[in-house]
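By written order: A, B, C and D. Residues from 1 in each chain.
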Amino acid sequence: MTGIAVIGCGRIGRMHAANVARHPRARLVAVYDVVDKLSNSVAEETGARAAASLDDVLGAPDVDALLVASLTETHAELIERGAKAGKAVLCEKPIDLDIKRVNRCAEAIKGLDVPIQIGFNRRFDPGHSAAHAAAAAGEIGDLHQVIITSRDPGMPSRDYIAHAGGLLRDMTIHDFDMARFMLMEEPVEVFAVAQAMIDPELGRELDDVDTAMIVLRTDSGRMCCINNSRASVYGYDQRVELMGTRGMLISGNRRPHELRRFDGDGTAVGLPYLNFFVERYAEAFMNELGAFIDAVEGRSPVAVGFEDGRKALLLAEAAYRSLASGRAVKLSELAGA
Amino acid sequence: MTGIAVIGCGRIGRMHAANVARHPRARLVAVYDVVDKLSNSVAEETGARAAASLDDVLGAPDVDALLVASLTETHAELIERGAKAGKAVLCEKPIDLDIKRVNRCAEAIKGLDVPIQIGFNRRFDPGHSAAHAAAAAGEIGDLHQVIITSRDPGMPSRDYIAHAGGLLRDMTIHDFDMARFMLMEEPVEVFAVAQAMIDPELGRELDDVDTAMIVLRTDSGRMCCINNSRASVYGYDQRVELMGTRGMLISGNRRPHELRRFDGDGTAVGLPYLNFFVERYAEAFMNELGAFIDAVEGRSPVAVGFEDGRKALLLAEAAYRSLASGRAVKLSELAGA
Amino acid sequence: MTGIAVIGCGRIGRMHAANVARHPRARLVAVYDVVDKLSNSVAEETGARAAASLDDVLGAPDVDALLVASLTETHAELIERGAKAGKAVLCEKPIDLDIKRVNRCAEAIKGLDVPIQIGFNRRFDPGHSAAHAAAAAGEIGDLHQVIITSRDPGMPSRDYIAHAGGLLRDMTIHDFDMARFMLMEEPVEVFAVAQAMIDPELGRELDDVDTAMIVLRTDSGRMCCINNSRASVYGYDQRVELMGTRGMLISGNRRPHELRRFDGDGTAVGLPYLNFFVERYAEAFMNELGAFIDAVEGRSPVAVGFEDGRKALLLAEAAYRSLASGRAVKLSELAGA
Amino acid sequence: MTGIAVIGCGRIGRMHAANVARHPRARLVAVYDVVDKLSNSVAEETGARAAASLDDVLGAPDVDALLVASLTETHAELIERGAKAGKAVLCEKPIDLDIKRVNRCAEAIKGLDVPIQIGFNRRFDPGHSAAHAAAAAGEIGDLHQVIITSRDPGMPSRDYIAHAGGLLRDMTIHDFDMARFMLMEEPVEVFAVAQAMIDPELGRELDDVDTAMIVLRTDSGRMCCINNSRASVYGYDQRVELMGTRGMLISGNRRPHELRRFDGDGTAVGLPYLNFFVERYAEAFMNELGAFIDAVEGRSPVAVGFEDGRKALLLAEAAYRSLASGRAVKLSELAGA
């Protein structure tokens, strides 16, 4: 049994705490939030202890690992402090909004022999991971194209957007990781178009975008297109398509159930897709946790490491440079980044 | 080139005439209807001659074959006269509503060596025929169950129903043939339930039903269920499911095109199905004609013969006896029929 | 929190115990099996106490309710003893294989005011229950036809079959309940065909069947066809189709995930369906438990009561009589049963 | 009836001739090819006369319109000569591989009041045109993203490729037109990545590519991604996806029929898609012809005009510049083109 402390008891932290609590190989030892009320509430729900301070958590011998679900700006520090305290860390994405901070964090933990996993949960989605596995096994021959459709079901609040670091660092970051996962080669070039199409005013005020298309290219010529939107009225749209010389794979959307309606207006009418990531990626979050426990227990290497988190952020950086310049940006241009 | 005369220039005859006219191996030589206006109109559309009389057609040396699409009560006589005049006959279903008349017709044409094909066009539908071929080739192992869904898109007129001979002889007759085609063994027992559910009043007045379920059983134990309705608001519903020891085959419905709509009310919303048999079975009618021409030209035996027409009607007879008696009726009970 | 004891710690009991253990409104108080080893093992897994005897369970004040998952022959007695001890009972189907024993049980518990729920879990499947709700709300107009496809993924062991009471009481019993649930009227007549198609030898030895089609009819004319097979190689096949004057609903199968493969052999190739009931109806079992807790807590009436269990068995009885007689059997003929 | 002469009797010309011959409002008056054998053969098949020369066709009073299906290098001249002879022209794409030649052609026909239609047949595909119509009618709100998947079923011959003018002018030209049709605004910027992935050697020898991703952007911010491949082993892959503020539309692929197979290896297995454009766009070609006849008969304006042909080629030009420069190319940069 791996003893885990969840840091950050907001919406995501609460979900992670519940997952840890019911995972057969984990024990939810402690929860912590800077807001006492939140940690107390999650502690009560799960039976874990509400830690009084971060030091309390880091010093606790029954805590083998941290699950970091606090605000983005605390991630890098928590990774550093956790690693130095000898705790394994599963940290929500992104590591930081600033690539320089990420690089300093990489320096700080260099040589520390603890598993650090970044929360790119979608790699653990049963459909997406089966697609990856099939392509990796050569079932579709040589891979040529990847199309990632990733559309959130609705605009987040202005407040959320103001602190999220921009669409490409906040939302597309998952798709950059998915692109790397599926391409099975490093992208060397990024081209992006993006605009505030859904809420132009918000775009002007917060200088953010809500709709994007991004093309990635690897050295061997593999191509990937990411389609993003903040507001898909038909539900959370999460598809991955892999096209190769011997076939195609599509990992499709899921509905709450498989009832279909047929009438004079239409046939085979399914429900809107599962609303958002908590529902759509419920299995993925549990599988992610299982993979982390495997790494903590030394059964397998870390599935999605710190460097994966850094590289996804680098792709976001490149995409932003492409947006600014209107040209494809080579990753090598960010070498100093 | 096979010279064909179409007898009967109503809706179905008109469609057949157009098919013959554009078939690469057929020539539409003549058309005939007791109503001059109809034959003239179809003649004008197709460039064929409007025959003055049936004798005219039967005596014409350029007429190799008749395509009989006239009223049901004329079918048996036209088969007899055509066959005696040495013409091949493709006759619309049913041969007659009265099994005794069908039997007399069988006697009358015994020994006449002309191809007689009955218009069970659905056997020639690309999907249904591929299902049959796959099952016949053993792709699903031993066949155990057949489910035939067959629902018309709307109630026909009272006048039509009054002369149609009852749901089971008029509409289900196609499904009885499909059952024989797919079961690949003769049904030995029939059980039917049926009721005027859509239009109870019409049921009372015309003593007909509009909704039915019929179970057929073969000697080896294969089972078939036919589901009928006169009024499917989502379009013409024509499905065949074959279940065997090694798999299942479903020949599904077709839509006018493959546009799907996704919004807050539903996902993957397709159009209602193709409205009715002229659209749904357009390819089947052409393929049926091709098979008939093959038989006329001696390239292949008749695909759906007179006896197939008779046996489908026998199944309808058995189903009506089952309705009346509330028990399964053995085909052997109709031996004298 | 409702205190629940699970009786019977075989495969199903173990699953129920795990469900109770993680249900937010239930406490798994005790588990019991005549085989100590089994109860100890489940107790260890769940943290519940292994009861020393049934009396121990029945006398325990912290046990509000029994979840009976023991052998079928013990069901009726456990319902009686539980009810008399003032415990609510959620009992796996069937109540008993012998309708007379069921009737005696009904007598025995008459007037005892405790919730008795029968384990027809499929009513709680999200897709099936949404289909029922939509039809009950009139979304497809007047209901005319129900088609229930229910095929197990493979033959059970000879030993299982020898004690299961026959296909129609063991497996179809779920479909009889589903038919009643979806028809929303009592069936008044049953016709069945069935045969040992998959394993004829087993059929001869154990006098059982493995393949069946059953037609039910209600007084107003609604029709239902159940298609059963013990061995569906493409996975557990669980579909319900409802056809009405204003539309159709199909509650379809589920796959482990939504990956589709496209290559030269086929397109849109999905995985085989979820293998069996534990996977396919995982949500249904949890929802069933939630509904039971609602009833125990007095929030809502029992969703599937003792009488539902009895009526499903009556339909099985009628179906067996139909098999024996080759005719449709009226439920009224079983009035003395 | 519109009298039509088909110029060019290769594979496409033969198909067009057959379409004209069976179109109810057209008469196939003449066919012409520089290779006598070809025109004679098509003439024989269709009953049309084989014209002795182009002048013969242009001077014939019964020829109202030309359908130009000859080699690309003859298109511009035939448009000019036809228009000057007062004949309407339906010309296969592209107008020419050289944008300068296209511009000269535009000059040459300026002021000539005859319908000139370019053969972008896909606009007339029932699914694609319904998608366009629905989006144009506002059914998905404001349009934000278009994804066009367009993959041919296999590499053409080296000889074909050597004369085709490059993937983007030969194959993607259809998708550029589809993008303009679906975006309902002019693209102002193009970014392309492309490579010889399927046949790198061919790529080196003929300096062509076989795999591409192209992103287009309109002034208001609408985005379009085109995915191209020369070799899709699962059949001709032709999909269009439109995403807007109120929903999404996907016009999907078609199969020869709707048979699905279910077994231990997979479920809902459909046939590979229709092999190539002659099959997939059979209805589209007929509808295109109908629209052309409408224009010739003055019933409606030309649906896809000369300028549409020119603009698709401009997009190809921009895409090639993007390939060469690695940056997004503005259409305004080609102003002098």
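Keep this in mind: contacts are C-beta pairs under 8 Å (C-beta built on N, C-alpha and C of every residue); 3 or more make two chains touch, one makes a residue touch a chain.
Nothing here was measured: the structure is a model prediction, and the numbers come from that model.
Asks: Farthest chain from chain B, going by mean C-alpha coordinates, please.
Replies: Comparing chain centres, A lies farthest from chain B.
Asks: Which of the two pairs, C-D or B-D, is linked by more C-beta contacts?
Replies: More contacting C-beta pairs are found at B-D.
Asks: Rounded to a whole Å, what is the gap between the Cα centroids of chain B and chain D?
Replies: 40
Asks: Rounded to the nearest whole Å, what is the centre-to-centre distance of chain C and chain D, using the mean of the C-alpha atoms as each centre?
Replies: 57
Asks: Scan chain D for residues touching two or more other chains and write them down.
Replies: Residue numbers touching two or more other chains: 233-234, 246-248, 253, 261-264.
Asks: Which stretch or stretches of chain B touch chain A in the complex?
Replies: That would be residues 233-235, 253, 255, 261-273 of chain B.
Asks: For the complex, give me every residue of chain D touching chain B.
Replies: 22, 125-127, 130-131, 134, 139-140, 246-254, 256-264
Asks: Which stretch or stretches of chain A touch chain D in the complex?
Replies: The contact residues of chain A facing chain D are 142, 144-145, 147, 149, 151, 189, 191, 193, 195, 197-198, 211-213, 215, 217, 221-223, 225, 227, 229, 231-234, 237, 243, 245-248, 325-328.
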